[in-house]
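Going in written order, the chains are labelled A, B and C, and every chain counts its residues from 1.
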Amino acid sequence: MSAPPDAAPTQAARVKPEPPPAFQVSGRHAKRLPNWGLKLTMALTGTIGALFLAIHLFGNLKVYSGAEKFNAYAYWLRHVGEPLLPANSVVWVLRIVLALCIVAHVSGATILWLRARKARGRFAAKRSHRVRSWSATLMPLTGVFILAFVLFHLADLTLGIKPLAPETFQEHTATAAFAYQNLIASFSRPAAAISYVGAMVLIAIHVSHGLYTVVSDLGAVGKRLRAVLIAIAGLTAVFILLGNASIPVAVLLGVLS
Amino acid sequence: MTNSTLPNTATAMTTPPPPSAAPGVMVGSQLNARIPDGDPETAWLRRRQEYRVVNPANRKKFTVAVVGTGLAGAGAAAALAELGFEVHAFCYQDSPRRAHSIAAQGGINAARARKVDNDSLYRFVVDTVKGGDFRGREAEAYRLGQESVRVIDHMNAIGAPFAREYGGALATRSFGGVQVSRTYYTRGQTGQQLQLSAYQQLMRQVQAGTVKLHPRTEMLDLIMEDGAARGVIVRDLVTGEIHAQVADAVILATGGYGTVYYLSTLAVGCNASAAWRAHRLGAYLGNPSMVQFHPTCLPVMTPWQSKTILMSESLRNDGRMWVPLKPGDERAPGDIPEAERDYYLERKYPAYGNLSPRDISSRAGKEQIDSGHGVGPMHNATYLDLADAIKRLGANTIWERYSNLLEMYRIAVGEDPMQVPIRIAPNTHYTMGGLWVDYNLMSSIPGLFVGGEANSSYHGANRLGANSLLSASVDGWFVLPYAVMDYLAGRLGQARPALDSTAVLSAFERAQARTEALLQVRGTRTPAEFHKQLGNYLWEGCGLNRSDKSLKTAIGQIRALRSEFWQDVLVTGKGLGVNQTLEKAGRVADFLELAELLCVDALDRDESCGAHFRIEHQAAGEAVRDDDHWMFASAWATTAPLDFATNPTLRFTRHAEPLHYTNIQPARRNYQ
Amino acid sequence: MKLTLQIWRQRDTKDPGHYETFEVDQLDVGMSLLEMLDRLNEQLVHEGKEAIAFDSDCRESICGTCGVNVNGRPHGPRPHVTSCMQRLRSFRDGETVRIEPLRSGAFPVRKDLVVDRSGLDRIIAAGGTVALPAGTAPDSDAVGVGHDQVERALDFAACIGCGACVSACPNGAAVLFTGAKVAHLSMLPIPAIEKVPRAEHMVAAMEDEFGPCSQYGECALVCPQNVPLTAIAFLQKERLKSLLHPRV
């Protein structure tokens, strides 16, 4: 039997007691690119990308005005600013800016993805089955597919690398563009048309969640401001999807030829 | 030693403290609470002028250990660190933010008296002293009111989002039967906001390195040198290692001991071990039997219930309390016709009805339950019915007023309070008693200060609603910094005990031996079983109603249970590493001693006052005080015989601190 | 009511840990999740075994001490309700329930279901504070604050610091928690004075231990206090503002 050891403490190991350990505050922070800065970079480059997609969409929709106007537009893109600027200068500026954006966006995404894995630890969180959560989950995947699609798209309709490009691909000349003919030729291949439509779905998912994230990454906190910006984000994605996807569908259905 | 020089004393005890009715209790001396002589209204100002200060350059030479990080502890630790003292703050929780001050709902009183409802400092003091049924200190009530103004301003500045009027001024509400509106609040979570604000200020000092924080660390014993408190022995609840922290002064801000009743509105981790260990080393325990029971708690719904959740009293503004007239009526509430219901509060107290004060409502509810009229599956509740108010004001209005409470009820009970009456029952809520402290918040052990609910100041025999957040904040931010600095000023140049000194080693070995002893019993009953049993004994013997017989029975039961505990407790696991069974066992071991003193104090105090209701002393259900004999605060000392290890009996001595009222005349309460 | 429990057991931080299965019977649907663990622990101690360690304190959903993952969901099946307030009526009779600690890389397990969430305290210490010594505050009525403004501040200040948001986050981020504090303090006139250094220091401390936000929105789905997702935008806003703010 044992009892409260008030009067007679047992002679437990007579060691000199130590002071208790104390709570450690956050020390010198790691010297590395901060997450918030990477997020900001992704938000800005992503927004530029989305803007490019929106402008690209307006150009694409000229296809419904007929071959002549569409080819004229393609020609104009290469010669805008002449004679002050040499030919192709605007196109190249755009290409360089976009390429840099893609590099920054993809590197930011990769660093953040790796950091998120690490922060998450050994056990993955169970996700709820909501659209928001799914699209967030799919961001890296949709991103990788979109990157692959962009390369395919360049090979198909810009560089004309066969067999990705159609057999009848025609390089533009100093005086003429054949964008319309190339487009019809490419989309007349059902596999290509379907992959374009599929890519648009992925782009829409990526852009909608991306732009939604931008609203917060740029610090929009007002209720109305957020509502407007989030609506714009969603609408942008929908327009990109419907507008662009309509073209291969129209080609397959014979509306465009 | 009494304050007989007080010139304006209008009312005081007419005879010396009476002998004790409790067997074996020795009557001790009369205590001097070191309250400044003269007008209580200016006492605090004069006392602060007398206090010594420590030169800023010398402050870092002093170490203060603060146990507990609630409103009082976090406040004192942060304020002392701001002044430049080295502070060690301890809490058993994983973060100092979680201390149970966080659970207070209603609000915090302040005598700012801005409105033209004729509130004033005087009125605040009258309400506090009357609320305490003339068993608290008048001068302290003044201090509470005076410092309340700074408390509100400070809390507002450090981030408490107090409710505001549309015009931008602080909003107030009336609370707890007070006729003016002086309660400041942040929705139903005032305690949370004040606690988090205090926690943040504590963390600011932690970041600055002036406070060394020790979370998940429980105090096991007090280091004593030459009769004074010089540090604490603590157990790291993660590694299980026992450590020593020496200090020039120790502040206990460890909260109340309501969990001694097992079921209470307190957190399940709340305990009295730090206070009780200090008590066993000589710190007197003041008025331990003064325990407040809250009338509107969720009832016990399963035998495994671990606590009772408080439902704000505000529900009584629109709810009617009733029970079926027929005992043991099993019908659903909706099936019981109006004529077969007993609206017992309206019947017994027609003037105040459902808004009768806490103690009266609690006792009336328990009376109904005990006489077989209890409702619910365990027949342990009464109804609080919103149906009439819903009919009168519409469901929307009622939902808007109480949505958070009703939602909580819905989650906890699984019934819709808009459709069926709420079931409520009284339960243990707040302990007015605690370690006895003088006016400077120093206990009878020099160097040991006590703040917040852990001490026995301010509230006398009953605490006024919304005064608990206030007293804890005032102690922490605006009393302890002055008083502790005064004490430290007298210690300049004196060394703290070394880690290998006898003072430290004896306390360290005591704590180690006690931990070992708990692990070695290896009996058959878990600490929780002992705790539950103890709670039952106390609730029956020393609950809302106390009698000579019930208390004597309880004392016998508690003594027997304590002996059984040390022969039969079962603690699995080891002393090293996380061992929550061991933590629980240590706390229950101390409760088993405290509980006896709680009953002895209740048996000793042969009168009714405030929350202490002796059925022998009542007039039509009202407490009847005996100011001629009992106008003093009891301050208990406990001694154990030398052979305590084999004969765990305790001896108690009651010292008395006479109470004097200068500006406020004692009167009897009447709510009929 | 009967349940099969798969409970995470881990001796200490270094132990890899495993699930242990228990059958519990004769449960009352009104019991809380934690009371069920209490009961199981009583049984284990009687059998001479070590009790399952888990954290809890107030058991009325305000202190933020409790928190276990139940079938992968922080706190339990009922959304916006702390573990201590989860009732067994949310489960089906005979169901198998998996109980594990609040998972996250920043929350090392100390034992069984007990985790170390001190990283959250480090974020607050870094800047979730007000540099105003006791006694120096101005009259609270001297600076008026709008009724709606404080109510909005309280929506964020209501955070109980339980860490469920971190555990729910597939990235292990503490942005809802940090953002709630930054938002709360930026809406009140005196605390707002320091908002520039606050955001900078709190974000730096947060990024030391926690992951980046990808706006899954999982955090707000489990938050017992319904802290709005806007907290995330608040954090970024204050951080960007401190970028633009001139330094002396």
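By our rule, a residue touches a chain if its C-beta (ideal position, glycine included) is under 8 Å from a C-beta of that chain, and two chains touch if they have at least 3 such contacts.
Since this is a predicted model, take the numbers as computed values, not measurements.
**Q** Quick check: which two chains are joined by the most contacting C-beta pairs?
**A** Result of the pairwise contact count: B-C comes out on top.
**Q** Compute per-chain Cα centres, compare each with the mean of all protein Cα atoms, and return the closest chain.
**A** C
**Q** Quick check: how many Å separate the C-alpha centres of chain A and chain C?
**A** Taking the mean C-alpha position of each chain, the two centres sit 31 Å apart.
**Q** What is the distance in Å between the mean C-alpha positions of chain B and chain C?
**A** 28
**Q** Roughly how far is chain A from chain B, going centre to centre by Cα mean, in whole Å?
**A** Centre separation, chain A to chain B: 58 Å.
**Q** Among all residues of chain C, which ones touch two or more of the remaining chains?
**A** As it turns out, chain C has residues touching two or more other chains at 118, 121, 125-126.
**Q** Residues of chain A that contact two or more other chains, please.
**A** 23, 25
**Q** Where in chain B do residues touch two or more other chains at once?
**A** 206-207, 215
**Q** Using the touch definition up top, name the residues of chain A that touch chain C in the complex.
**A** Touch residues, chain A against chain C: 23-27, 29-30, 34-36, 38-40, 112, 115-116, 118-128, 130, 132-133, 136-137, 139, 209, 212-213, 215-221, 226.
**Q** Using the touch definition from the top, list the residues of chain B that touch chain A in their complex.
**A** Contact set of chain B toward chain A: 88, 90, 206-207, 209, 212-215, 217, 233-234, 236, 241-245, 280, 499-500, 504-506, 508-510, 512-514, 516-517, 520-521, 566-567, 589, 640-646, 648.
**Q** In their complex, what parts of chain A are in touch with chain B?
**A** 1-12, 14, 16-23, 25
**Q** Chain C touches which residues of chain B in the complex?
**A** 75, 78-79, 82, 93-98, 100, 102-103, 114, 150, 152-154, 156-159, 161-171, 186-187, 189, 191-193, 196, 199-201, 203-204, 206-207, 215, 238, 265, 267-269, 301-302, 304-307, 309-310, 408, 411-414, 477-478, 481, 524, 526, 528-529, 570-573, 577-581
**Q** If we count contacts the way the header does, which residues on chain C are in touch with chain B in the complex?
**A** Residues 11-12, 28-32, 34-36, 38-39, 41-42, 44-46, 48-51, 53, 55-65, 78, 81, 85, 87, 89, 110-112, 114, 116-118, 120-121, 124-126, 128-141, 144-147, 149-151, 153-154, 157-158, 160-161, 184-185, 187-188, 190-191.
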